[in-house]
Structures are given as C-alpha cells and as structure tokens.
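So that we are looking at the same thing, I have put the structure below in structure tokens.
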Amino acid sequence: MLSVDDIHVHYGASVHAVQGLSLQVGEGELVSVIGQNGAGKSTVLKAVMGVVPTASGRITFDGVEVGASGFSSVKQRMSYVPESRGIFAGLTVGENLRLGAIVRKDRKLVEADIERELERFPVLRRYWDRGASLLSGGEQQQLAIARALMLRPRLLVLDEPTLGLAPIVVDLIFDVVEQLRAEGMTILLVEQNAVRALEVADRSYVVQAPGRVLGEGTATELAAQPDVVDHLGFTPEGRVQP
Amino acid sequence: MTVLSTRLQTPLLLIGITAVVLAVGTAGGPTLERVATLSLISVVFVVGLSTFSGNSGVMSFGHVAFMAVGAYTTAYLTIPVPLKGVLFANLPESLRWLAEVHTSASAAVLLSCAMAAVAGLVTAPVVARLSGLQSGIATLAFLLVVYNVLNSWTDVTRGSSSMIGLPRSTTIVTAFVAAALAIAVGWAYRTSRSGLQLQAGREDYWAAQAAGIAVGRHRAIAWVLSATICGLAGSLYASFLTTFNVNAFFLSATFAFVVMIVLGGYLSLSGAVLGAIGVSVLQELLRRLQDGGLTGGSALPPGTANLLLALVLLLTLVKAPYGVMGARELVLVRGGRRLRRGAQAVRTPAGS
Amino acid sequence: MSATQLATPPPSVLRMAEGGIHFDGVRAVDGVTLEVRSGEVLGLIGPNGSGKTSTLNLLSGMLRATSGSIHLDDHDLTRLSMRRRTRFGVVRTFQSGRVFGRLTIAENVEAAALGGGLRRREARQLTADILAELGLEDVAHQQADALTAGRIRITAIARALASRPRFLLLDEPAAGQNESEAIALITAIREFAQRRGCGVLLVEHDMSVVMGTCDRLHVLDSGRTVTEGEPALVRRDPKVIEIYFGKRHDHDAER
Amino acid sequence: GSDSSDSGSDGGDDTFTIGFALSQSGNMAPFDVEPGNAAMLRIEQINEDGGIDGKQIKTVSKDVRSSPETVGTAATELISSGIDLLVTPCDFDLSAPGAAVAQAASIPAISICAGDPKMADATTLGDYVFSANAGSDVEGATGAAWAIDQGWKNAYLLQDESIEYTKSAGKYFAAAFEDLGGTVVGNDAFPGGDNVNISSQANRLKNLATQPDFVYVASWNPGGATAIRQLREAGIEVPVVGPAALDGQVLLDVVGDSASDIFYTGFACYAYCSGGEGDELEKFVTDYEADYGSEPASSYALLGYNMVTAIADAAGRADSFSGADLKAALEDSRPVSTPIGDVQYFSSTCHKIIDMPLSVIGVETGKISFVGQQRIDSIPDVGDGNSCAS
Amino acid sequence: MIMEFLISAVGLGALYALLTLGVALMFGVLGLMNFAYGEILLAGAFAMYLFRNEPWFVGAGMALVFAVAVALLSERLAFHPLRDADPVILMIASFAVSLALQSIARMTVLPRARGIAPEPFLSRRIEVLGADVSVLDLVTVGLCGVTLVAVAWLMGRTSLGIQLRAAAEDFRMAALLGVRPNLVIPAAFVIVGVLAGIGSVVLAARQGSVSADMGLQPMLIGVVGAVLGGMSSLKGAALGGFLLGAVTALLETFLPTDLIAFRDAFLFTALIVVLVVRPQGLLSGAKVRVS
C-alpha cells in the first residue's frame, strides 16, 4: 500500500540524513521502525508525509506518488503525529481536535468520533475549552494522537507516540494501536521503546544512521540476524541481553 | 591558523572592505568621494544598530534618535558663536549658556557620543524590561517622542528649520577611521561575555534566564553602547553635511538603515557592514541609472530608482530570507576566501 | 570536571513546604511538601498532568507559588526570580529542550557558564570539561538547531551543568532517547550527583531510567502527594500501580 | 564643449548652464515638479528668442528623490560637471545641503520656491544662496493687510505646527495684523501633517466669548484644506484666510462645493481659478499645458517661470558667468516683467523676492476666483533677525 | 460641551480601533507586521477619489474592492514566497511592498494630493442628548462596533477562523491536516482588505484628501495601537486603538495651546510607560505556556 523506494533526503547542503532507504507497508499491516537517535527515522516519516522533499527515490501510496503535484496526504487519508506533536498553541483543545476532521464532510459522524476520542482520553474533555499550550506535555501528546484519529485515516503515521506519557497511558496507546490494527487500519510506527514496538508490529525495520535499513522482518526473523541483535543490544524477542 | 587570528579575521576583513570604499572614494572625484563618505557614515550607524539588534534580536526603530542627538550636539558645539547668536536668539534663560559654548571638532565628536550615551542610559531601563515586538514598538515610540520634541521645541532646536553653518570637519578619512573603530568595537562586544550572553537571550529568553543570564542587563549594555556608536554617526553626518534638519532623523532614515541591516543579515556584524555598503552602492547606481548616467543620457521616469530598490529588496529577501549573510560572519578559511558553512540557518520543517 | 573551580560545597537541602499553584480553577500543585538533599536523586513521578512540571516550575522560580514556601537551607527562595535561583545553584532544564538554536553547542554551554558568573577563561575551561564528559566534543562547533532531538536534550543538560548546580531539576531528560542512550545519561547524572554532591530532582516517565537512578521517589496525582519512599516500595504500592504504572508495569520494568 | 570641465568661471563661454537638483520623485516631488516644468518652459522660450545675449541656456537635471543626502550628492555632481548656477528644491530644508555645496564652490544657488524667510538671509546659509519666492512672512503680512482692508477687526489664529513655513506665516500674520490695528482674539494650534483632526480646536473656537471676524489658518495642503473643511463641518462659518500654500485645485476638491468665504494669498489666479487671467498669464497656462499635457495645479508653477526670467535678466547684466559676477548681478536685481506684473527680486541684504504683488483668491460655493491684488509696503519686525524686514 | 468633546474623542477612538484591528489581525493571524497596510488604505481611499462623482455608496463599495485587490496582490507577489520567514523579515518585506506601492502610486495616478469633496450626509451634524454631534463620528463608532463583532465571530466561531489561526501558527502542520494554505491565507488578506477598505472610507471622509503617503500615519497608529492593546487579542487591539484615539483627542482638548505641538511626545511617552507596566499589552491574548 505504502511503498518507499530508495529515497535520499538532505537538510541544507551538508546533512544527508537518509541515504537510500526502502520500506513497504501492506494494507492493514502494522509496521514499526526502530533505530538509534539520529538514525533518520523521523526523516523517513517526514518524507512519507511530504513534509521534507526527497532528493531522489520514489514514495507511492496506493500507486500515487507522494509529493507529486496535486497530491495531498489528507486526500489519501493519511494522518500523522509528528515528533513535535504539532499542537496549535493558539487554539483550544476542542478546536485542535476539530481541525483533525476539517476535511470531512460527514458532520454527524465527526461528532460521534469526537465523543469516542473524549472517551478514550478523558483529559481532553476536561480541558476542552482551554488553550492547548496550557496542557502538560503528556496531555498534548494525547491530543495529538486523538486529532490524528479524527480523520479516520487509512494510513496512520506515528512518530514516537508514547513520548512523555505515563506508563499507564503508554499501555493505553499500545492498546489503541492494536485495536486500530484489528479494525484494519494500516499503521507506520516509529518508537524508541523498541521492545514494545517489536511486540505489536507485524513487521519491523531496524534503521541505522545515516538512514539505511539494517534489517527487516518479524521479531523472530530479526532475532536471527546477528548484526541487528548487536545493534539493538538485545534480542528482539523480548529479553535484555546480559 | 591560531585562535587569535581566527578571532580577528572577521573584523579585519570588514575593515579591509571599508578600506576599499575609502580607496575608491579618494580616487574617484568629488561625487564619488561624497557618496563613499556617506556610505562609511552609514556603516558606522548600521554597526551601531547591529550591536544592539544583532545581539539582542530586537529590531530597533529608535536608533536614528541617537543619531539626531549626536548631530544636534555637534551642531551646538561647532556652529560659530556669532552665528549661534542669530540662530538661537530665543533660547530660554536657563539655556542661554548653550549659545556661548564652542569646542574643537574632535571634542565635539566625543561629547556627541557622550550625549547619545546619556540618552541611551536614560532609555535603557525600558529596553531592559521589554522584549520582542513590544520592545520594537517602544523604540519606535522613543523615536516619535524625540522627533516631536526636536520638531516642536523651536527656541532650542530650531524646530523644523535646518541647523546651518557647521564647519565641515568630517572627511572621508575620518569617516573611515570611525567606521573601522565602530567595527572593532562592535566585534569586541559581540564576542565579549556580555555579547555572548545577550545572544543566548536572543535565542531563548526563558532558557537564558534559567541559565542565570541577566538578559535585561545585557540588553541595556548593548543599547547604551550602540547608542554611543550611533551618536558618533550622527556627529559625523552633521559635520559632513554642515546643514541638516530634523526630518533627516525620522522614519525614512530609519527605514533606509533597517533595510541595510536586514538585507545584509541582521544577526551578523558582517551582514551589517556589507548591507550598509551594498545598499549605499545600490542607491547610487540606481540614482545614476535613473538620471541616465549609466545608459548614456536617457533618463528613466522619476521614481524608478525607488521602485527598483523595493524590488531588489524583495527579491533578496525571497532568495535569502535571513539576509545575505544570515547569522554567519565573514571569515577566511585556511587562506582560501570563502564563507564558513558551519553556521547556516537551516530551519526544521514542521517545527522541532 | 576540573577540581580547581569546583570544590564540593557543603551538604544542603532544597525544600518546598506546602507549595501550591493554581491556574483558572485547576489546582496544578496543591500543597506539596518535598525535599531534595545534596547527593541524592529524587524521582518525581505521576500521571500526565499531575503537576510534575508545575512543581519543577515552582522550585525553579519559573512560576511564583500561590501558597507555600521554598527554601535552600536557610535561604528563602520563594520570591526570587528563576535567574537568581540559578545563581543560588538551583538549576533546571526544560521539557522541550530549549537550546540556543543559532549558537553552537560550545557557545550554548559557555553562555550558561558566563551567566553563572564565571570569568571568560574559567568558562571556556568548564565548557571544555562538560562537553568532554557528555561526549559532545565532536559537535561542539555545530549550530544547535541542526541537531537531533536527542542531542538537543543532552546539550540542555550540558548547559545546566555549566551553571554549576547544587540542585539540578531535570524535566524528562530521557524522553526520546533509546535505551542505551538513556542508560548512558543516567550514569552521567548519577556520577555527577555523587561526585559534586549535587541533588537531583528527576521528572521522568521512563521507568528503567527512574528505577535505575533514583534514591527515592515522590508520587503526585492531581497536584497532591500520593506517596513517597524507596523505589522498590513505591513500585509495589497498589495505589501507584492503579494510577500510574498500570497492570503491565512488571513487564515494563524488565526491559 | 560646454559640458566639459569649464566651470562657470569661464566667462567666454557661449552657453549658460543651469543645474536643476529638484525632487522629481518621493514625497517632496509635488512641490518641485510643476515649478521645475515651468522653469524649463521659460528657458525654452528664452532660447527660442535667441538666449541671453545670443547665448543659449543649457540645463542639466538630477532627481534628488526628496532626500537631503541626495541633494548634496546631486549638487556636487552638477557643480563638478561645470554648471554656472544651481537651482535647488522648493523646500528650504531640502535645499540646504545643496546650497551648502554651492556656497563652498562659490556658485549661486537659488531655491525654486522656498517660502521660509530664513532663506533670504545671506548670513545663514551663505551669500550665494537665494530663494525665488516672496516668503511666508510676506504672505502672512499680506493676508493681514487684506483682512484689515475688509474691515475685519478680530482675528483668530489657527496655527499648523508642522513646518517652519506655516509657523512663520502665522507669526507674521499676527504681528502685521496687530501693527495695523487689529486684535487677535485667540489662537490655537494643531500638529498638522496628513492626519488632521481639529475637532477639539473647533469646539474651543465655537465656545469663545468673542467670536472673531475671521480665522487665519496658517497651514498648507492638503492638511490645511482638511482643517478648513473640518472647521466648516463643525459649524464655523466665519471667513477663513490663509497663506499661499493652500493654493491649488486640491483645496477646492477637499472643501467641496458648498464651501464659501475662504481666502488665501496666492501668486496668481489661473487654470482652476477664474477672473484673474491677463493675456500673459493665459499664454503661460496654454504653453504649459501644451508642453506637459495638463494645466498647472497650483500657482507655485509660476514662481519657477518667473525665476528663470530673473536669472536670465541678471545673467544678461553680469560681467561674466563666474559665480561671483552672477551673484553680484543677482544682488543688483531690477524689477522684471512677469505675467503678474513687475516683480523685484534680490538685493544684497535680502536674498528673496523683495516686492511682488500677491493675488488674493477666494473660494465661493465651489469656485475659486480672483478677488484682488494686495501689496504690502513693509514686513513687520518680529525680532527674528529677518533681513528683509523693515 | 463636555459631551461634544467626548463624542469627538470616541469618534477618533473608533477610527483608530478600526485601523488597529486590521494591523492586529494580520499580525495575529500571519505573524506579519504589515507596513504596507497604509498602502492598502491608500488603495481604498484612491477608489473613493476615482469614483467621487458617483453616489457615495458606489465609492465606498469600490474602496473595499480596491483595498482587497491590493491586499491580495501583495500577498501573491511578496508574502507568498516568504511564508516561512521570520517576523522581522516579513516586516521588512512589507516595508518593501509599501515602498513599491507608494512609488507606483506616485508615478501613475497620484503624483500629488487629490481632494474628495465632503459627502453632505456624513458632514451633517445632529442633536444627540443635547449635544451637537457629527454624523461621521456616529457612523464611525457604528462601523467599528459592527466590524469588531463580525471579525470576532469570524475568527472565533467559524471553521475558516480556526483554519486561519492554525495555518498562521504552523503552516505545514495545518496543511497536513487538510487546511489549504493557498485558500486560507489569501482569505486572511481579503478580510484585512475589507477592514482597510472600511477604514479608508472613514479616513477619506474625515481628511477629504488622498495622497501617496497618506497611509503612513494610519499605519503607524495601527501598529502602535495593536501593540498597546496586546497583539494576540483582537479585542485588546481594538481597545488599544480606541485608547490611542481617545487620548489623542483628550490631549488636544486639554493641552495648553503652546504645548499642543508636543502632543505626540506626551502620547508616546505614555505609550512607553504603559508598555513598561504591562509589557504584554492591555489585554493579552491566549496565554502560551513555557515548558
């Protein structure tokens, strides 16, 4: 469904952050990307969302090229939770949430979806009328995820969605992710919590700076690759190496 | 290259560039000499402005007022006493002595700087307290106040009438010396303890506070220092033109200087210097172009020069949104003449 | 860090008594009393929005307490500005990094050293030491803007260290770090605290970091203290499990 | 080769070169463009008539773009290109830097229409500096004399504080009016500029115990016109008198069709103004329109035209075109004939027009028309060292 | 008499509030301190001049059209390519736009000031509560009120308003959510153009003249008033503008004649004092948390 083919991304003239990375996400699949700080994970997601231009390579979603003229990720129903959360500080929590569904025409269902998200993240209901920047870090993260879900996306792109969340909310997020996957949503997930990421994902990519794939496959498959295990510092089946 | 010489590269290069202006001006006949002198005076002013704005990140619209203070002080100190008797016939009793004082040209320059510094000191507490846009508007308000007082206090300032009869003591050489001095001082401040802390405050006020940096105090220091340099520019300007009136120190001058500093790159001293010289050269080229001096006689419609200036300004901003220099400084690396790449201003897409 | 400028200060205590702050009806912090002693790492945990950052804001002077008091030993800090508190040695970092974007990493650290009142030469020396200690030498002359989120967080910590803290208040320093990096960071913080006799207040959600670093834990919920004590005990507290760790916490702690 | 390095000092030259450093662009251009055009028109005419004693007048123009620095630069450039005489902008302050350059080079500099009386003083900017206008002192005093002639005894002075021209017009009006036996029953001021709001001033005036016979509005366009309009809107219907800077089509447009009883002392009545045309004036307007496509929009244009007549007259009498000789001839001006009658230009102490009849012009229900000519014998001495005062 | 002073102060205050609103909107929404606002006003006023022989409402309508057209044009040519630039740069760009528009106006249609005859209806005076009041002042107050309410509703309650504020704050993120910046940002310029158009109608009616540099002072008033009131709050901005106007009128009323020339010095000193006491402006807008 999503296909990233040998892309290169530069920042300015001197930083070549992604160098020939490819990855595939099939319909209904949950794919995670893990790797060290600065490996280029976020950059790949940005490229997928058309936030940064690719110098070469192709990214297609449903056969349509991303970044080609006229393409809008929203039209393709792709939702994105960026690393920086992208909360609008000048808007209220409610306005932020509504903004997630700004392109949707089905007003009634939107209201229902808002209700669903408020059930899921009660804190949002509590602060509905408040400026979004006043929320605590973790509360903002919840808002960002809820907003992304408001689109009813076909592809959900999450960049470290559990950043700054309390363990109990981290569990909630992973539950949500699993549930969405069960409902058939396609998800591309970047996560520092590699253990959990490998656990929930159908397949994972291990990325190494500067933006290259080191290994790819299910947790078990990855566990069989010595350089991956070496790089991660633990076996991807869930146990910390001594 | 030793540490010392790397540190001194930028100011030396910049002084070298102003020396080129001096050379061209000296060799090129009276008109060119005049233009070169005025552009060197602009360098002094813009370096002064940059000492505040470049380090603090607050764009000031008020510095022209310091220039005015310098110019008026110079006028009071150097206009021959008999002429002053005529010009300031209605001085209030308490200020009568002003009509009698007279100093040498060099003392006048020093006192002009001192007066501008005093004006800077008086206003410094306000600047120390305000940041960002508020500060920008406060500086604008300061300019409006100074302009209004100069324009209306006719008995003392001659109101909107020109000051006349100043002896011509600014030459292209003194202008060059002043520009070199200003660059040296500007650079010394930029790399000083206070300068670095102020730049930190520019980047993030709260983080700087958390690092124990008294941003307001450093802003005030930079303000007073830059006021002094701008006072110098005003003094040079007055004794170069030998006549001026209050309108020379108002919005159009402010905008002209702000254009210089922004085009060059308002965060860097090199940007200030290059902007001042570049825009001066551009202005003169456009003037000659419009008068037909470049096209061999056929003059362009009046106003073309201003229009072209606006277009060049816009185009430059579109091509180089942080000015020509961005936040970089001019350096020579290992003998080869090129700009340092390290400090480019890459913005993070989608925030970071 | 060179010993010349940094003789270990006498042991001391940073204490907030009954501190509170509210924003338009929300009691973000509601009568919290806590103490950090030099040389120890106190973990401050709690659900999202429980008032951890706000507590840190009160201690650092970013926010003025609406009630309660803050003392460093006998000095009353309650009314002092953030900057003055930094000069007293109470130094914080921010949840979002907040480096000086268009300065280099070295300048970031040096500016803080100068802000702490050091002379130029001393500041340069201290900067070099800190950069070496945190492994930032290779990027010392890069502009801070161009770094990854992880490096930015480390730079923020380096900058805090340059203020020569007696008490270091860290807001989620390990967020966005992967495991090995987080561990390296913990080690650095711990070592620093012990060597310098510096007290650390650590706000963090990553349990491996919290459990591995903290001497004591203080748990907040809705702006109030839930419990306080040894990490091992707190982790088993059913109340804390209910509001914070959740059912799966055992798994978490293992990673 | 007239434009080579042979400057004005070379008397054997067969051309006479005038350098024009006027604002053709920028905010001061409206004041310079028409007088400049009219001056060029007059030069053309003189050249067609055979020039000055057979010598053609040559012109070089530089746009000074309303900027004082550019005036100096343009003047330097013009003088080094060998002009015999420099014409500087209508505004005194914009003229000054150019005049200073000319003074240093001993080349006469004449402001095309500066009205500030200080321009007239040979000791201030220097003895090579002149202005081809009568000055706001004359205008103020003339307005006062005319009002007295109407039998008006009580005046109210509404002073625009924005420029020197308006300040001295007001000052000389008040002095002359009291000299002539009138009373200034009150005065008020407003800051002027293009954002005029005089409702407070109007309210104060309306609540005055003694209502004046007329209001002297010492202001300039377009702010002055706006002030008059706002006076009328506030219900103040007494006559209004003002100086020449109120002159022009714009006054009529601003005050509108229903406004009446507005008078000012202009230089001529033509084009938009009816009733004053003599044949010569009519010819000036037609010639101007033929050259520039529109009628002049204010009577300042005529000042530029007359200036050239005076310059040509002096140059014709000068021993050579050297700066010193030209200056001497200028200071020894004799009355020259102009479309508005004889005008007496400079003397050695008074470097502006010494004697010129001013036209009193009135606005009556949307029409501007000639009311009469007014001459004054002397300018009151207000103690500001005015070298042209009696 | 006091009543008359008050009404004229309120009238001027309302005009200033109108001017300020446009500047504040542009800043609040786009981070653009628009120095070219004065030339947008100029365009409106010029339309009033051009259509001075038509019925008054035709001129007023065309003023809106002209102002909107110039606003849109400036967006397209200058601000569009600079969308990500920082506020100082945008401000300087707007200054360049202002310079260019002014030069063009001078070179083509407005080489010198032009007059617009008074509209009899607006220059009438009527009796209100025993005071003799100008209709223009009343109309200004009414227009200001209606505009304020309309803008507040538009920005706060409509989807366009939300999208605008979002796009202003984070251009890329808004686009990722489906906000179409290429529609929404020009929409902001349209709104600002309409505001400027209304302002220019009032301005033209008061001043009766149009000149190439007429926009400068109103623009300064707008900028200063907006900062005084608190940049990020429209209500604050309107209040700031209103106070600026009212205080100006009061100073003119109560300053002795020989000090009236110093009106601006008093006014702006007061402004500085207010800023020092309340750096965030009189009404600060949405609070943004530092963390």
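Letters are used for the chains, namely A, B, C, D and E, taken in the order the chains are written, and counting of residues starts over at 1 for each.
Definition applied: a contact is a pair of C-beta atoms (placed from the backbone, for glycine too) under 8 Å apart; a residue touches a chain by one contact, two chains touch by 3 or more.
Quantities reported herein were computed from a predicted structural model and do not represent experimental measurements.
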| item | value |
| --- | --- |
| For chain C, the least number of touch steps when starting out from chain A | 1 |
| Touching chain C and also chain E, the following chains | A, B |
| Selected interface, B-D versus A-E, where C-beta contact pairs are more numerous | B-D |
| Chain separated most widely from chain E, comparing mean CA positions | C |
| Separation of mean Cα positions, chain D and chain A [Å, integer] | 75 |
| Whole-Å gap between the CA centroids of chain B and chain E | 31 |
| Centre-to-centre distance between chain B and chain A (centres being mean Cα positions), rounded to whole Å | 50 |
| Inter-centroid spacing, chain C versus chain B (mean Cα positions, whole Å) | 43 |
| Residues of chain B touching at least two other chains | 151-152, 206, 302-304, 306, 344, 346-347, 349-352 |
| Junction residues of chain A, two or more chains touched | 11-12, 15, 51, 82-83, 86, 134, 136-137 |
| Junction residues of chain E - those touching two or more other chains | 103, 106-107, 170, 172-173, 176, 216, 261, 263-264, 290-291 |
| Chain B residues touching chain C - in the complex, by the definition given at the top | 193, 196-197, 199-200, 203-204, 206-214, 267, 327, 342-348, 352 |
| Sites on chain C touched by chain B in the complex | 60, 62, 81-83, 86-87, 91-94, 98-104, 107-108, 110-112, 114-117, 119-120, 123, 141-143, 145-146, 149, 156, 159-160, 162-163 |
| Parts of chain D lying in touch with chain B, wherever the complex brings them together | 24-26, 29, 61-63, 65, 67-70, 72-74, 76-77, 80, 92-93, 96-97, 99-100, 104, 116, 118, 123-125, 161-164, 167, 383-385 |
| Contacting residues of chain C [partner chain A, same complex] | 23, 45-49, 52-53, 95-96, 146, 148-151, 172, 175-181, 205, 207, 243-249, 252, 254-255 |
| Chain E-touching residues of chain D, taken from the complex the two chains share | 25-27, 29-30, 33, 161, 187-191, 193-201, 203-204, 207, 221-222, 225-226, 229-230, 232-235, 249-258, 297 |
